[in-house]
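Chain IDs A, B, C, D, E and F follow the sequence of writing; residue 1 opens each chain.
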Amino acid sequence: MTPVSQPISRFPVPELKDLPDDIRARILAVQEKSGFVPNVFLALAHRPDEFRAFFAYHDALMEKEGGLSKAEREMIVVATSGANECQYCVIAHGAILRIRAKNPLVADQVAINYRKADITPRQKAMLAFALKVSLQAQAIEESDFAALRAQGFSEDDAWDIAAIAAFFAMSNRIANVSSMRANPEFYTLGRLPKA
Amino acid sequence: MTPVSQPISRFPVPELKDLPDDIRARILAVQEKSGFVPNVFLALAHRPDEFRAFFAYHDALMEKEGGLSKAEREMIVVATSGANECQYCVIAHGAILRIRAKNPLVADQVAINYRKADITPRQKAMLAFALKVSLQAQAIEESDFAALRAQGFSEDDAWDIAAIAAFFAMSNRIANVSSMRANPEFYTLGRLPKA
Amino acid sequence: MTPVSQPISRFPVPELKDLPDDIRARILAVQEKSGFVPNVFLALAHRPDEFRAFFAYHDALMEKEGGLSKAEREMIVVATSGANECQYCVIAHGAILRIRAKNPLVADQVAINYRKADITPRQKAMLAFALKVSLQAQAIEESDFAALRAQGFSEDDAWDIAAIAAFFAMSNRIANVSSMRANPEFYTLGRLPKA
Amino acid sequence: MTPVSQPISRFPVPELKDLPDDIRARILAVQEKSGFVPNVFLALAHRPDEFRAFFAYHDALMEKEGGLSKAEREMIVVATSGANECQYCVIAHGAILRIRAKNPLVADQVAINYRKADITPRQKAMLAFALKVSLQAQAIEESDFAALRAQGFSEDDAWDIAAIAAFFAMSNRIANVSSMRANPEFYTLGRLPKA
Amino acid sequence: MTPVSQPISRFPVPELKDLPDDIRARILAVQEKSGFVPNVFLALAHRPDEFRAFFAYHDALMEKEGGLSKAEREMIVVATSGANECQYCVIAHGAILRIRAKNPLVADQVAINYRKADITPRQKAMLAFALKVSLQAQAIEESDFAALRAQGFSEDDAWDIAAIAAFFAMSNRIANVSSMRANPEFYTLGRLPKA
Amino acid sequence: MTPVSQPISRFPVPELKDLPDDIRARILAVQEKSGFVPNVFLALAHRPDEFRAFFAYHDALMEKEGGLSKAEREMIVVATSGANECQYCVIAHGAILRIRAKNPLVADQVAINYRKADITPRQKAMLAFALKVSLQAQAIEESDFAALRAQGFSEDDAWDIAAIAAFFAMSNRIANVSSMRANPEFYTLGRLPKA
């Protein structure tokens, strides 16, 4: 089967040299660290103000300390992005989840059906809440928060879970509308135990 | 019927004096301009980094120039927030829509069922696209973009419509999870023709 | 924004002088009492037998005494009509609800998301039942009645809630199919405290 | 298998002798004509005003002359009641449909999946419209009316189809909430060709 | 109303004489036993290997002994086929259910809304599980099995219920895609008490 | 993150030595060929007759020649299993798809959102049809077949697509109900180009 080649995004992707300095610097820093530029950086670059706000928001939610581990934050991304059928987010954050969890299986499991994943009851409660926020936030009620508390989550954790699910509700929609493509590198990252 | 009193948010709402300077300044500026502080500013203030990114993103999408008028941008907010059953967003942005459109009826119409609203075919096409992004972005395809082009929307306009719908997909979820309350002022703003 | 003018109904609207006497009399009585003729009376008038049955049914459910206050009956109408995206019913009965509840905020709250409205737990139970009747009556079971009883509702009250939800399931569909327009007067009625 | 016996309705069913004269008379007339009393008459009798309005409305829609045959009107009832999982309405009106259409197969076919029923393209268009009114009236638009016109339906016919679908949207909900039972007679009526 | 004649299947139906011997023999044996050839045998015959596997699977699930009676197995078929709007399966297996249950009413009741059927609480629990398998198997969890155990079902029974629901999830789709028609004989079988 | 260990199936898994000879032989043959025993063989083995019918059916659909390549058959499995949130089927058949298509990316793409996958328009039409069979077979109509024909698919191909989607509608439900686990081997198979 000869693969059908497609662009990174159906919207314009500017060249690096044409970008504002801060955005080019951020992209080069990511490339330095990861070895490649994740396409989301290129696909959002044609809108510098949105780019800046997007990544500021992303980092405020995903890089912070708190009751949720970084692997758990990625788990929320992968589970809700699976429910929203977002190829870019499942594949890219699936890779990050495998790496952060040091677990080559968990990302595919959580993306397809978290109820059957090799995760703890606490993590299942976290994902049940995240998916309700993602799919039916209007029906969230106090009993949903009680289910989190029963697993030891604080109010701050509840906000984090909800805010991550909400942020990727946005992100999934942008990626789907722009047909944002995941870099081939993401498909294999974290699949093999490090030597 | 005695109304049942409820807090602004089920999460903590810090006092103004305890906020970082830039956030307090922004809130005071809004109060100066509007005559009251919309509750979203207070409800997000317990998370300063998220607050900053949220409003930077909001302003990048809602305050910019472009093919969509400011009233049309608010129309997208109201229609998608209605579909997501978000009380805060429908009521607060409904007020802004009435003011920006100088039309006391359009916000309620669009919030309930845009197909029956007193708007142009072009605006109906815009809202049909926005609602598909909000409710079923995974199924957006080129024919959806073609329907926008047939009404004269540019590719940049398409991105704007999608990005606003996506941003409020996030915003609606945060407001619903936090039971964010709309200020009473919003209910009546823009309902009467100015003398 | 210049509003786009639309007719009261996409079906024929007869002139008053051409109507049967009893129907003209009813319409004139409403006009006398309200100061204007709500469009539903005009939109149904082309079918005199249906008109008579419709309003006889309506009055039997909405004007009767019983365990539900008149404001609560209107609350059921507004909440279920919101779920059915019926512009005429939300806007017209929203006005009546504001007046009957002497509460300028409750109608918009209930129309958008009753779970977040400033109402009592008893009223939330009433609306949860009404919405299940409206959206999924086939799945109503004895536990749903038990939830009503736990809030002090009688069997007669349960019938009333269900019958109102059912009647407006019909009414919402007729209004949506006929693109029935709400009179501009309804948008502002009851929004300001009486002097 | 020993059948489990259940009452006609989970709400009170008055005795004939306790009913208002006009209602008792109507019930006796039906019994005279049909040989038994369809349970809907008994299940609604505890609410005389609603009973009167219900049957007045029903007769105005189902017994009138017009572009739809009486069999076609019953077809609308059976198809929409199937979609709403209403046992009483499918079984009772299925019997009437078999009799009026002089066709022992059509009722079961239409109740389960009208797309596969032995009916004309014109009837399929009628049922497609009726089901959209029943399940998604908020999305009805002019193209739906155009599809009816293409099959020769008039505007008056369109109203009839919509009004019947809407009336049974109500009726289905009342029957489901009250667990209204179909009389055993209905199950076999019209299944065998008359000798 | 003149019925509209339609073929047994929209796919090819071979003649008996052109079939492999084992398939022709099976069909003749069914005809011998039932007095007619149920159309599913003819509609699948153009694919001999699939035909053989289909009926081997069917018999393994439907003809075996175990905690479920044969009538109960048919009840699962009828309830799930009703939810999947499969005309062939509801009508053909409805007939078998009437015969096996010696109950002329139960098939129509279960096909339309099992919650209102004259069946035992144990049978309702069985059908609730079967319908969740049919409509939302991804969300089945241990509490669903516990509800079965509470009614005395074994683990083996749980597998049987699930496997029957799953098999007819397949069967319903094949019948709907091929517009498979039910034989007229099925509509009346088992409706009258045997003399 | 320490993974949480779980069994192959929540139902009994017999030991190889206790199985009927033909089933043990089939399992050993698969092990010989693949280097491991895919868990589906073990999870179904407690029901020998169902096991035999299941794999006979599977092979009749997946191993045959015809207008669909073997990779395309697997594509149908992966896309519909993704929609049904079936972990075992997405992961196991995803591996087979990567191998048969000699494409390390296509399985994840198709499992998440086939509309954004690097596949041909013909393959997208094939998957659109397969997903309609999987999710809404009752609404399949002649226009769906016409869309296949427009891409060069024969009637026989249409049956194949539908039958594969239907078979995995069954298979997905069995796997979800039994919490069938995918072997770790499947996660990495076919991800790296062969040296």
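The rule we apply is simple: a contact is a pair of C-beta atoms (placed from the backbone, for glycine too) under 8 Å apart; a residue touches a chain by one contact, two chains touch by 3 or more.
Treat the numbers as computed from the prediction; the structure is a model and nothing was measured.
**Q** Taking CA centroids for every chain, report which one is farthest away from subunit D.
**A** It is A.
**Q** Hey, what angle do you get rotating subunit D onto subunit F on C-alpha, to the nearest 5 degrees?
**A** Best-fit rotation on C-alpha atoms: 120 degrees.
**Q** So, comparing C-alpha centroids, which chain is the farthest one from subunit B?
**A** E
**Q** For subunit B and subunit E, what's the span in angstrom between their mean Cα positions?
**A** Each chain's C-alpha centroid was found; their separation is 51 Å.
**Q** From the C-alpha centre of subunit A to that of subunit E, how far is it in Å?
**A** Distance between chain centres, rounded to whole Å: 44 Å.
**Q** List, in ascending order, every residue of subunit E touching at least 2 other chains.
**A** Within subunit E, the residues that touch at least two other chains are 85-86, 113, 138, 176.
**Q** Spell out all pairs of chains that touch, sorted by label.
**A** Final set of chain pairs in contact is A-B, A-C, A-E, A-F, B-C, B-D, B-F, C-D, C-E, D-E, D-F, E-F.
**Q** What residues on subunit E touch subunit A, complex-wise?
**A** The contact residues of subunit E facing subunit A are 138-139, 141.
**Q** Which residues of subunit C touch subunit A once you look at their complex with the stated criterion?
**A** Residues 113, 115 of subunit C touch subunit A in their complex.
**Q** Can you check the complex and tell me which residues of subunit C touch subunit B?
**A** Result: residues 1, 3-6, 69, 71, 82, 85-87, 90-91, 101-106, 108-109, 111-113, 116-120, 176, 179, 181, 184, 187-188, 191-192 of subunit C touch subunit B.
**Q** Taking the touch rule as given, give the residues of subunit E at its contact with subunit F in the complex, in rising order.
**A** 11-12, 47, 49-50, 52-54, 56-57, 60-61, 64, 84-86, 133-134, 137-138, 140, 155, 159, 162-163, 165-167, 169-174, 176-178
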